[in-house]
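I have a structure here, written as structure tokens, and I will follow up with some questions on it.
For clarity, chains are labelled A, B, C and D in written order, and residue numbers in each chain start from 1.
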Amino acid sequence: MNIFTPSNPAFEDRVRESFTKQTIMATLGASLVSIRAGEVLIELPYAPHILQQQGFLHAGVTTTIVDSACGYAALTLMPDDADVVSVEFKINMLAPAVGERFIARGQVVKAGKTLTICTGEVLAVKNGEERAVALMQATMMTVER
Amino acid sequence: MNIFTPSNPAFEDRVRESFTKQTIMATLGASLVSIRAGEVLIELPYAPHILQQQGFLHAGVTTTIVDSACGYAALTLMPDDADVVSVEFKINMLAPAVGERFIARGQVVKAGKTLTICTGEVLAVKNGEERAVALMQATMMTVER
Amino acid sequence: MNIFTPSNPAFEDRVRESFTKQTIMATLGASLVSIRAGEVLIELPYAPHILQQQGFLHAGVTTTIVDSACGYAALTLMPDDADVVSVEFKINMLAPAVGERFIARGQVVKAGKTLTICTGEVLAVKNGEERAVALMQATMMTVER
Amino acid sequence: MNIFTPSNPAFEDRVRESFTKQTIMATLGASLVSIRAGEVLIELPYAPHILQQQGFLHAGVTTTIVDSACGYAALTLMPDDADVVSVEFKINMLAPAVGERFIARGQVVKAGKTLTICTGEVLAVKNGEERAVALMQATMMTVER
């Protein structure tokens, strides 16, 4: 993982404040579990209201938590008066998303003034073992708050 | 749009049956509005529980409805004993997802035995006008039911 | 296709001038066949020096011509003092790239001040028939010339 | 990096044999520099015939070498009677591709029976220093030879 020096010393508060406003996170049941400069982790327990037709996590739900993890990883390195929006992302599903809970990790690969490139992954945790179920590559944009 | 001849004459029932099992659709408030061979439309009203930090539809929610629209567009052309899973997709956000409701359209570009390639778009409807807010390119896979 | 009004009346000259500087185009054997506001077509004859291991056009070559077609489609709508660079793209291979010649079409979906979103496709022409062999979705960026 | 056990003990010969048939590699000036189970490196010297309009490596050329690196990384884990084709890939350009030479690294993330998911990166080498200029996420498919 790259080492980044955040320009906003209050980046952790900034991410928590924004996360609280993302109402879809509470709707899904997701919570922030770690915020570091250039890396954010979001956790989501398996639940009956967020599934696809076979009982796995819906690919869109998997995407939602890792999109937010990538966006917030990018936000940790932005100035305090900035906000982050997703320009685009691509995600591969690696395995059926089954497990007791899921951890989405977003990491900054390159932070630019306008665009920030991130990678993300989603791990399924089952019986104490982690398995990668999705891999994302995303472009985030710095916008005015 | 391409013209397709579905091998499963009951493709509409097949899609409706599967959609009902996708619990995330009810959680978001999404419904099926059109099922044709190779094309599916899903509608989602704007609602306070599915947003990101600025009050727009979360990019992951936009993605969820158009992923399902693409997946079901693919399913309309699969045999009755098949199911569909998302291999991967890429989505560009074209504009902030604001509006009274959103329509996700998934269309098959190429239906193969194993893989089906789709394009998807999400339109925001506001004051009777439609505006494209997202564009997707997706790979779906035929699996055993 | 969208209708665009280019800010640079000399957009066709601008594209031709830039295309000539892309030495890879001559190396591959590609040429510009059409330049309109928001749409550019590039043609490439099949040739023995641009193939992959099975004798098809290499996916990277297919990508190269449609990336340029998308980039130049974006450039037609940029100011005269701007240049274009590829931020990212995603491409699906729809069929083996076999044929006498290939036509890459790049089209602008949304032109923004900083980012322009394009779609691209590559058609293979064989015995007078066209067949889509690749589909691209790309993000282009306006930079200083 | 994951540890993989190749089913084909002659995987290195298999990759070299196929690489020789990819005529675009000789056209660009690319060569194989490393073949391990699940990882392949391809090197390309900077040269005047493979550039875009600003004198950087064309994004399509960058893509071509890392697509082959990913495809061959996937091939190292396939049976001897299999061949590999690119289903789709997405690539982000991280920095202008300038340097004396470029190294494309393709790595397998998940090897399935039909589909193999890879990540790739391209490093530019300049004055002895390496800098990442591109990041890829790719889906490869096992086909009959």
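Basically, contacts are C-beta pairs under 8 Å (C-beta built on N, C-alpha and C of every residue); 3 or more make two chains touch, one makes a residue touch a chain.
Quantities reported herein were computed from a predicted structural model and do not represent experimental measurements.
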Subject >> Chain whose average C-alpha position is farthest from chain A's own >> reply: C
Original post:
Considering A-D alongside A-C, which chain pair is linked by more C-beta pairs in contact?
Top reply: A-D
Subject >> Separation of chain A from chain D, taking each centre as the mean of its C-alpha atoms, in whole Å >> reply: 28
Original post:
How far is the middle of chain C from the middle of chain D, if each middle is the mean of its Cα atoms, in Å?
Top reply: 22
**OP:** Find the geometric centre of each of chain A and chain C from their Cα atoms only, then give the gap between the two centres in Å, rounded to an integer.
**Re:** 33
Original post:
In chain C, which residues are in touch with two or more of the other chains?
Top reply: 87-88, 90, 92, 139
**OP:** Would you pull the chain A residues touching chain D in the complex into a rising list?
**Re:** 90, 92, 94-95, 109-110, 117, 119, 132, 135, 137, 139
Subject >> chain B residues touching chain D - in the complex, by the definition given at the top >> reply: 87-88, 90, 114-115, 139, 141
Subject >> Interfacial residue positions of chain C with respect to chain D in the complex >> reply: 18-19, 21-24, 26-27, 48-54, 58-61, 63-65, 67-68, 83, 85-93, 96
